[in-house]
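Order as written gives the chain letters A, B, C, D and E; numbering starts at 1 within each chain.
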Amino acid sequence: MPLLSVDKLTKSFGGLTAVSNVTMNIEKGELVGIIGPNGAGKTTLFNLFTGVYTPTSGSIKLDSDGEVKELGGLKPYNVTKAGLARTFQNIRLFKDLTVLDNVRIAMHQNIQYKLPSAFFRFNKFYNEEESLREEAIKLLDIFHLSHKKNELAKNLPYGEQRHLEIARALATKPAILLLDEPAAGMNPNETANLTETIEWIRQEFKLTILLIEHDMSLVMKICERIYVLDYGMMIASGKPAEIRANKKVIEAYLGEDVSNA
Amino acid sequence: MEQFLQQVVNGISLGSIYALIALGYTMVYGIINLINFAHGDVYMIGAYIGFAAITYAKLGFFPALVITMILCAILGVVIERVAYKPLRNSTRIAVLITAIGVSLLLEYVMMFFVGAEVRSYPKVLSGEVFHLVGVVINIQQIYIVVTAIALMILLQFIVHKTKIGKAMRAVSVDQDAAQLMGIKVDSTISYTFAIGSAFAGAAGVLVGIYYNSIDPLMGIMPGLKAFIAAVFGGIGSIPGAMIGGLSIGIMETLVSGYGNSMYRDAAVFAFLIIILILKPTGLLGKNTREKV
Amino acid sequence: MKKILVLLFTLVCVVGLVTGCGGGAANENENDNGDVAATEVKIGINYELTGNVASYGESSVKGIMMAFDEINAAGGIDGMKIVPIKVDNKSDPAEATSLATRLMTQEDVVACLGPATSGNYMATIPVAMGNEIPIISASATADEGVTVDKKGNVNEYVFRLCYNDTFQGVTMANFAANNLSAKNAVIIQDKSSDYAEGLAKNFISTFEGTGGTIVVQEGYVAKDKDFNAILTKIKGEEFDVIFLPGYYQEAGLVIKQARDLGITAPVLGADGFDSPVLLELAGADALNDVYFSNHYSSLDKDPKVQDFIAAYTEKYGVEPNAFNALGYDLGNYIADAIKRAGSTDPIAVKDALAGTENFVGVTGSFSMGADHNPVKSIVVIGLKDGVQSTSVKVGPK
Amino acid sequence: MLEIKNLNVHYGVIQALKNISLTVNNGEIVTLIGANGAGKTTTLRTISGLNKPTSGEILLEGKEITSLSAPQRVKLGISQVPEGRRIFPDMSVLENLELGAFLRNDKNNIKKDMENIYQRFPILSDRKRQTAGTLSGGEQQMLAMGRALMSRPRILLLDEPSMGLAPLLVREIFEIIKDINSTGTTILLVEQNASMALAIAHRAYVIETGTIVMSGTGEELAKSDEIQKAYLGGE
Amino acid sequence: MKALTKKNLLILGAILLTFTVVQGLISVGIINKFYEITIAMICINIILAVSLNLVTGFTGQFSLGHAGFMSIGAYFGAVINLQMESTGGFLLGIFAGALAATLVGILIGIPTLRLKGDYLAIATLGMAEIIRVVFLNLDITNGAAGLSGIPRYTNWLWLCFFTVATVLLINNFIKSSYGRACISIREDEIAAESMGINTTKYKVMAFAIGAFFAGIAGALHSSYFYFIRPDIFGFLKSIDILIIVVLGGMGSITGSILAAILLAVLTTYLQAFTAVRMIIYALLLVVIMIFRPQGIMGTKEISDLFKSKKKDERIG
């Protein structure tokens, strides 16, 4: 059974069907891209995976070590606990908090000490907070952010904010990482950098990654498989080369005129 | 049955007043998302302006009503320009505290000038009483309901048929898009305050005449109730404010009439909370979804 | 730029307010000089000038100030000018406590007058007891916990000029049963006032003692304006009389709305009715068959009463209400006590207050009882077309 | 017609536009293409007056308009169709169009223009009384464009008109843009559908993280390697 | 023991010193009874403001009903204290009041905290009003007449103890992982949920903790001012507390403390201007909000100010 299996997933808002009958399977360790024009329903799909929206119909099943869990309709925090973490299209960091706090908040779900320890600062509190801090800094190191740990997130340059968001998502110890347009707003250099980082964390954390992206250079380069969404429907799936050659895709996404040119 | 009808009549008179105040709340909230706590005090000032117009200028009901509405409109605009506009980009809580400050200011400036003692209203309308199938109806009640309905129709006309009304609706939905239509956001907000305050002023005069008693702190409770009426009806919605006002008025009289009058306010609040939990945007409110 | 304008505007306002109205404060400071203590006597005035019950505080203070002005104009108390130190307790008991402490420890007052309402007054009692400075209220009528504490001991430094709720409640219940031959009564009471609560309790027990029945008991809260709902409800009941414990602000409206709905039963109340505002609110037509207990009647031919009414009307432009009259008596009473004490020592003044015999005031003559409540008679006034037409005097218990 | 000189825009500490300069000549279709977050929308919003620049100049026919408010710019003939259409969903189609003519008082001409719009977008005529929120995405886009045209703009700013539309509709929208341009309205078009945009544009600019990195005629850019690579993922 | 760091010892020392100095000044009479009342008001307001700050400033949940929780504490404290006139009764009253307030906080919080922003504010306001009406109609609370003759057990020792405890405990909470979870809700609720934080749980937790300390403040109040009745815990009281929080800076504990002191000093000073003090107060409120809408401290603490200064120097 695949790690994540999505079956006939549909979401409509009022009369508008944003995601319609989408079926996809993600195997453990894969790096899969989802592309499609703006408004095609990609982010809605992510919001369905992560519990922000409840599906109108269909199912999302996660196989965590043989135990199959239905994610559809779960609250976002339960989805995260189940092992799905995400970043957002329009960066949703805790802007007025420090870089370190951003990561530490994501680690909260694994905290062991209880409320009394928080109030009265028993030794448990100190020990755990210390190791939490170390772990957070280790993670920040990976993204070359540890020297900025006390800066407010909003004061980071754009590219670093994107990195921090990924670091924060990793702090929840996910099995699957969902990246919503991670390269948006980055210049080619930064994008190239990001491409490497994504590859690297995938190895390092043994992650399965699902990403939405417009930047074709990134998608085509690192994704093993690509799903193409248009108008809420899945119109194609396959290896990058196949997608590039797919007529439907060219028509919907890349624009017909150019393919003729 | 007669008693019930009588209670409904009582409730409608009371509710019309809540509705008039609620309209201002709903309009202001609709356009700048501010609980204008000073709104109830504009209503109080309106009652005093009407009092002065009738007592000292010896005006009749309609001239006094019109003058009150004009002066309250000006007051509303001044409040907006001086106190709220500089805070357009601040946190909502800062604006809310400012609104509370303005509210206290109006109350205590009035108390300073006119004293805390209640005043009775000069008689401009006869208190004649009709009996209709066992239900007692006061001429003043008829005036209240008729004036309230007339003003609400006027408001509906302004909002739906005039340019400024359309500008108000546009600004309340989408300030950026409204600007792209050439609509001046600031002056539209001022108009909104003007109209809302004029309505509160009218309610003040009507209350003065109907209940014959005004004082500087008279705006606090009705202001709160009217806000609840606005929330109940779906804040930002004009028909919602009317329905909300009338519902709260009728509910209050029914709780007093058939239950325990001491739990009247508690019942109103409890009802509001239940409505909010079941339908967080009120009866006619629209759902807005945060973009993720 | 706009912000600077706002700031300037505010500065002008604040400066104007402080200089324009802070005159009293400036004088107080001048008078802080210890040497001149012999030529003046400081009296604290701790009243509700803002907040929920500001109108009662304001009314009381008007009466007090009128008395003090008259005394000072006539040369003061044995040559000593009365310096009133007026503070506003915002109708808040904690603030009343704080201000009483301030007056007693910072301003060195001889005595404190007020607050007007029982709760706020009670909140200052421990302060008076602790600082051994007398306090007097003209309108704190609560039965328990005022001049006598819960254990039955008299609070040595605590006095009042008004009778307690029992006296009025019992009087009106007897009046209803005996003079109006009422069997069934309806009670509509101000639930937010301790005064009304006390009256209602005593009325009920006495009225039921005479064999009467309380048909319905309804409540409202201060500042309510619409009573149609409860009146419509009681309209369907059988009753002979309405007892309406509360103040004129609401009572006037209740009576008007009751009469408009066609309820013609007699309405009874207590001294909270006594205000020209009652007539203004209810209108002359509605004020028939309305009876209330009071300290004095404007029908009283006593020149002291008539002079007071005339002087007050001249000074403030309106006719006095019960709070004004009680305040006036309170001002004269404390001055009288200081004069009799022959000293500005609070303990001597306290003893003089306790030893008062036959003080003649506008609101009746009284001697101070052993429990620090005045022993005075009560008048039941009847209104016809809004005008006092009958008065029945009931002696002290 | 429209000239932008050294425009800088900040959101807080983040600089969204860095020294942007571009010109749009009378009668042209100029397109500004770039990735999500590159600063395309910010550029348009600054031109229409919704964002205030930190420094730089915006000139309309040689006249400096940098300090004017958005409504004043509408009056001068700049009209923007915002990203995501931003129609007024609770109002009818008719009311939306009327709002487009908010600053105009020439009733007869407004009526005429309204007829023109109905001719150009027959679907809007059919849905006149319907509330705009019930329209489909493509219809809403048409309404937004119709609404913008109601102010009789001299220059029309279009922000991603193809977003979220089916391919067939996208083609239709681009046809309409061409048509509007042919009747004399200058157009500045922001698009992420680069190929379509380049196909109809006279000239084009490419924006990347707040900076203009390339410019040229539509054809030139469509053929350039960089564009192919960035937008088509070619190696 | 990690708790015995130099910093903590310093804090402990400072607290003990403050306590002793004030106690000394009280016993020799330099701080007279009137200033004592001001100090009591400051302490009670600090407890109220800091606890509301946890809800509104740190967790971002806009509450206009804090006085409701205060009244629960006040009435529990008063009723128990009137039955058991002893320090034991006093302390029992405080904890019973605080626990009752917590319980009500949880009961109210679970349904209402689903609401956001102004809707939540109006719902909490409604809840506080309902609590007030209930107290107005109960026999044990003596209705409108209120409870009088409550023995005064609140003194500087207890005020100091509870104020310090409130500030330290809430500060500890905020600086723990639980506190960070609460803060993340204020910053971005959707992102917080996506980081695995059960936002409802933490909102209710913050609300309940806030209610607990408000209950303590209420009980201290009733035992200091001898007398309580329902209307002193009306929505104006809630607004008073909110004003302290906003003025001090939402999300700044030291800000709340400073603002509580400042407002107490201000009201004491304004007492001299009987006729116009409310006008001046209202004007100041408006002006402060226009010129410093983020409050005195913003979200900073005093310790942050020293830190940032040092950093600036290094850069310079």
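The rule is simple: a contact is a pair of C-beta atoms (placed from the backbone, for glycine too) under 8 Å apart; a residue touches a chain by one contact, two chains touch by 3 or more.
All of these numbers come straight from a predicted model, not from anything done at the bench.
Comparing chain pairs B-D and B-E by the number of C-beta pairs in contact, the larger count belongs to B-E. Farthest from subunit D in terms of Cα centroid separation is C. Averaging C-alpha coordinates per chain places the centre of subunit A 32 Å away from that of subunit D. Centroid to centroid, with C-alpha atoms defining each point, subunit C and subunit E lie 35 Å apart.
Mean C-alpha positions place subunit A and subunit C at a centre distance of 71 Å. Contact with two or more other chains is made by no residue of subunit D. Along subunit C, residues 3, 6, 49-50, 52, 191, 221 each make contact with two or more other chains. Listed for subunit A are residues 52, 88, each touching two or more other chains. Within the complex formed with subunit B, the residues of subunit E that make contact are 56, 62, 111-112, 114-119, 121-123, 125-127, 129-130, 133-134, 136-137, 190, 235, 239, 242-243, 246-247, 250, 275-276, 278-279, 281-286, 289-290, 293-294. Contact residues of subunit B toward subunit C in the complex are 3, 6-7, 10-11, 13-14, 82, 85-86, 108, 111, 115-120, 123, 127, 129, 136, 138, 207, 211-213, 215, 217-218, 220-221, 252-258, 260-262, 265. Within the complex formed with subunit A, the residues of subunit E that make contact are 1-3, 169, 172-173, 176-181, 183-184, 187-188, 190-199, 205, 299.
Contacts from subunit A toward subunit D in the complex involve residues 15, 37-40, 89, 154-155, 157-158, 181, 183-188, 190, 214-217, 219-220, 230-231, 240, 244, 251-252, 254-258, 261. Contact residues of subunit C toward subunit B in the complex are 2-3, 6, 9, 49-50, 52, 54-55, 57-59, 191, 218-221, 223, 225-226, 228-230, 232-233, 235-236, 249, 252-253, 256, 260-262, 277, 280-281, 283.
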